[in-house]
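Next up is a structure, given as structure tokens.
Order as written gives the chain letters A, B, C and D; numbering starts at 1 within each chain.
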Amino acid sequence: MKKTKAVLFSILIILFFFNLSFPQENLSPPPPTEVRASDTQNDNGHSITITWKLSGDDGAGKKNVVAYEILRSELPTGEFVVRGMVPAGNNTYQDRGAKEKEDKNYFPPHKDFYYKVRAKTLNSYSESEVAGPAQAYGEWFHLGKLPVFVGTLAFTIMVLAFISLARKGKEFYVRPLAGIDAVDDAIGRATEMGRPILYILGLGSAADIATIASFTILNRIAKKTAEHKTKIIVPCNDPIVMSVAQETVKAGYLDAGRPDMYKEENIFYLTSMQFAYVAAVNGIMLREQTATNFYLGKFYAESLILAETGSVAGSIQISGTDEIAQIPFFVAATDFTLIGEELYAASAYLGREPLLLGALKAQDLAKAIVMISLASGAVAASFHLDFFLRLFTVQM
Amino acid sequence: MNFLEKLLALDRRIIFLFIAIAVALPLFFTVKLHIEVTPVVRNLHNALEALPPGSKVLVSLDYDPGSMPELQPMAESFFRYCFMRDLKIIIIGLWPNGPIQANSALEIILNEPDIKKKNPKYGIDYVNLGYTAGNEVVIERMGSDIPVTFPKDYSGNKTEDLLLMKGVKNFNNIDFVYNLSAGYPGTVEWVLFGVDPYKIKLGAGNTAVQAPQIYPYLNSGQLVGLLGGMKGGAEFEIATGKPAKAVKFMFSQSVSHALICFFILIGNFAYFATRKKKGA
Amino acid sequence: MRRQLPILIVFVSGVFMVIQYFIPHESFEFIYEYAMDWIIIIGIFAMLLGLWSLTRASVSKVQAKAPGWGFSVMTLVGLATMLFLGFYKGNKSIAEGTFFMDLFWYIYTPIQATMFSLLAFYIASAAYRSFRVRTVLATILLVTALIIMLRLIPLGPISGVNQWLASWILTVPNMAAKRAIWIGVGLGATATALKIIFGIERAYMGKD
Amino acid sequence: MERIGIWIAALLTLGIFSFLYKDNPFYKFCESLFVGISAGYWFVTTFWQVFMPKLADNLVAGRFYYMIGAIFGVLMLLRLFPKIGWLSRWSLALVVGTTAGLYFTRYLVSNGMIQVQNTIIPLYVKGNLSQTIGNLVIVIGTFSGLIYFFFSKEHKGTFGGLAKLGIWFLMLSFGASFGYTVMSRMSLLIGRMDYLLGTWLGLIR
């Protein structure tokens, strides 16, 4: 069916030119009816939506309608120009344009427009009555995103509520996490061996959430290395990340009361290109004989190159990323891996700051809500009830 | 240290050596492996077979040298197929390197004896319109006007002057779109900005890493067919009856996969054997 | 000024970005587009910081005649060559066919492709080392990996069953686990974003 | 030129491969050259492809709101001067704040709501046993996986059992991804071998 439609469609294009010279009025299909033009909902204000009832020969009658053309004019009796075309069977069209005034395709808002729809067969056409006027205007709230709005509010309230509970001194329990317990041992090992610690923040930018979570962890680890008087090396692949890492490590040394031991040249930039960066880090691992390697942040294909080279050097390795595709390689090749969400939790675990632990509790509450919705939603869906599904459905 | 213990703590350089051999050696042989054509590749092939000779096929190469091993054989086999079937090829790239990759694939295909006999001509049988910046916006603009989006071809000729481009205004004049993709922008954008609004018929080849993300579009019918990784490329070559690079490379794949499986098995054998000894 | 203003900037810009998501109106769309461009522009300026750090580190290694200082010279030479070639002919310096692009094609590209291809070796050695039937978890890891890898090896009659099993694993239990990780990451990341916007997480700001 | 280029490319390829045996001067040479070339390449291309069109062209066209970005950019550079370096925090704050706000909704929607939406599926599909089983496995897997990520409760008893099931699912998924990725990694090596043996040495066609 689809195939025939496409073939007809391409023939139409060829015959289109013949059609102009041989109008055959007696063959024209019944025109589309009930044409309506109105502002497109939930948009920036540069589009009008046109709907119509299909021609009597589209899918029924002679079944020879192949497409609809949508025409626009600024006056009901003015010259109509073609704005677009849709294949037969469709009954809506969004006439869209650019929002920049200097753009050739600019669509002015708050201006009257008239539309008509033309039903086309291979060699004839018929036009609907004129619809309009309609104006395009921008909305101030996207109704399709209401579920997200509710989610945003609810989650924000949960996080703030738990944080204020924490401020009031409520203590929260969190279960032990293997990767976290290993951090202290790993730093201790480097101290015993008298070898440096390598900390890799990944390939993310300073604005990636995973990188920011990693900064907090770096801060805690820097404090511990300062206490142990162990050298920490942080090669970076983004200049802003480098700047932030310098501040973070410095703050860690301040917290430990040893600002004098901080050496800026140990937190440096190499290059922003993925594999050149990896080549250089590989070299650092083998030449500096790092005792402990941390890989925490955003990682891509390089994850396994780093982890295997580190294992050749005999380093203890602790990894963590929210990049799902790379977790398997970290799990296989490093000693401990913080999987996905555990990376975000790690900063709260290491610092034991009540405020950060509070946010962790809010995450757990949200997770419980998600799990309950999941389970009850699936049960409801088995009985063809889609209430839960609609709660989570976002229209873009 | 006895043999088993040595095996257990095998120097990884021995594994490296074996892998290198397992990949390199099969390249010297042409072995006809049995490769079954999966439905997703079969569907793509069927859709192409349904195109009458003279149909215009748009090929978008959206990758760079990093993905060459997987996608270049797909580009070559597709060009070969089009020339053999007399389908007209219009090449573009959403990645700056795409049109360059196309040229190096064409160089090889145009020198094959079967194709030489057909003697395809630039501007009549195939054109390379080059790269235009703008990612998915390029697809959107092509929907209204292809010659405006690509005013000149790769070598600087005016697009309007190319015989093949006469009468090609927008997607309505294109019979099939084939996209080779290694990420963004790529197949996802072609589906969202080409298939959905303009109802183009789309087939795609993807890197193996990328392919699982594309599967939902196959199930929903937005995508006609998909070649996933080197294996998909090999299946397409089998389907078209012209086994070439991908099929040849698949022999290396099979041998190296088998080698890794073998290593895992002997590693576990050594692990069990030494543990039993310790237990006793 | 030193501590409070940055926290305020974070709060205002963060809240704006959250709000604009819900407002389709073009006035917000314009500010959003500018903000995204500003971020890119800041990143470009920061590149100079990177070049400065790299150059300073290499130069001081050369000056101190530290071990391997000759290699630092190579880095500096590579960097200087690319910078010179990339600018000396204005915006035509990086067109196809220039010496700049030759260096890209014959030095940068092959090294990059080779570094990437090292993964073929490392994926084998990692599999050998860690896929042992030590624990239940390691066993699950091993067995699924084997099933998936065997799909590329002709096994006669078993192949059909294995193909089916491999694609079932990829589309069903694999999907379930990935969704759990995705949802967890989603909650963790949104909570972290909130902590940043409200100034609770501020280790990245450093201290005076 | 092309022949020389291929020779250089092939030798550099061997230089990187030599690292697999052990760290050596040949690798160090390739590595340090690579770092320098790549940093330069990245700077030059970003300058011509991003800086010029995004900033210079817009300023020339009189769109002065781009100056705001430039001012924050200059503030970033003040890090190089210790006394006024703290001003760079303003730029940093703008970058982090903006993207945190951006990621907040992005993660909430694509990682949270859409995934939940996709997982609310019927547990029983009439007359289709394989889909019924598939759906059941997906819901149970996602549910138990989430239990594993629960931080507030120790993994004991029934809860611990479910968490264990969750980690089994995770491991199964990791094994599958690992096995699946082998093909694309081997493809990369095949590509390099093809270059060395074919393009360079001409041993294979």
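Points worth noting:
Throughout what follows, a contact is a pair of C-beta atoms (placed from the backbone, for glycine too) under 8 Å apart; a residue touches a chain by one contact, two chains touch by 3 or more.
Please read all numbers here as calculations on a predicted model, not as lab measurements.
Set side by side, C-D and A-B show the greater C-beta contact count at C-D. Chain centres computed from CA atoms place B at the largest separation from chain A.
Distance between chain centres (mean CA atoms), chain C to chain D: 4 Å. The distance from the centre of chain A to the centre of chain B, each centre being the mean of the chain's C-alpha atoms, comes to 26 Å. For this pair, chain B with chain C, the centres built from the Cα atoms lie 24 Å apart.
Centroid to centroid, with C-alpha atoms defining each point, chain A and chain C lie 15 Å apart. Counting only residues that touch two or more partner chains, chain B has 12, 16, 19-20, 23, 68, 209, 212, 231, 253, 256-257, 260.
In chain D, the residues touching two or more other chains are 16, 19-20, 28, 30-32, 34-35, 37-39, 41-42, 76, 79, 92, 95-96, 98-100, 103-105, 107-108, 112, 116, 119, 139, 142-143, 146, 149, 170-171, 173-175, 177-178, 180-183, 186, 188-189, 191.
Shared contact sites, meaning residues of chain C that touch two or more other chains, fall at 18, 21, 39, 42-43, 46-50, 54, 68, 109, 111-113, 115-116, 118-121, 123, 125, 127, 129, 131, 141-142, 145-146, 149, 152, 170-171, 178, 181-185, 187, 189-190, 193-194, 196, 204-206. Chain contact topology: the protein chains form a complete graph, every chain touching every other one.
Within the complex, the chain B residues that touch chain A are 12, 50, 172-173, 175, 199, 201, 209.
Residues 10, 12, 15-16, 19-20, 23, 33-34, 36, 65-66, 68, 100, 212, 215, 231, 250, 253-254, 256-261, 263-264, 267-268, 271-272 of chain B are the ones that touch chain C when the two sit in their complex.
On the chain C side of its complex with chain B, the touching residues are 96, 109, 112-113, 116, 120-121, 123-125, 127-129, 131-134, 142, 145-146, 149-150, 152-154, 163, 170-171. Listed in rising order, the residues of chain D touching chain C in the complex are 1, 5-6, 8-10, 12-13, 16-17, 19-20, 28-48, 50-52, 54-55, 58, 65-66, 68-70, 72-74, 76-77, 79-80, 86, 89-105, 107-108, 110-112, 115-116, 118-119, 134, 137-146, 148-149, 166-183, 185-186, 188-189, 191-192, 195.
Chain C contributes residues 2, 5-7, 9-18, 21, 34-52, 54, 68, 71-72, 74-83, 85-87, 91, 93-94, 100, 102-121, 123, 127, 136-137, 140-149, 152, 168-187, 189-190, 193-194, 196-197, 204-206, 208 to its touches with chain D in the complex.
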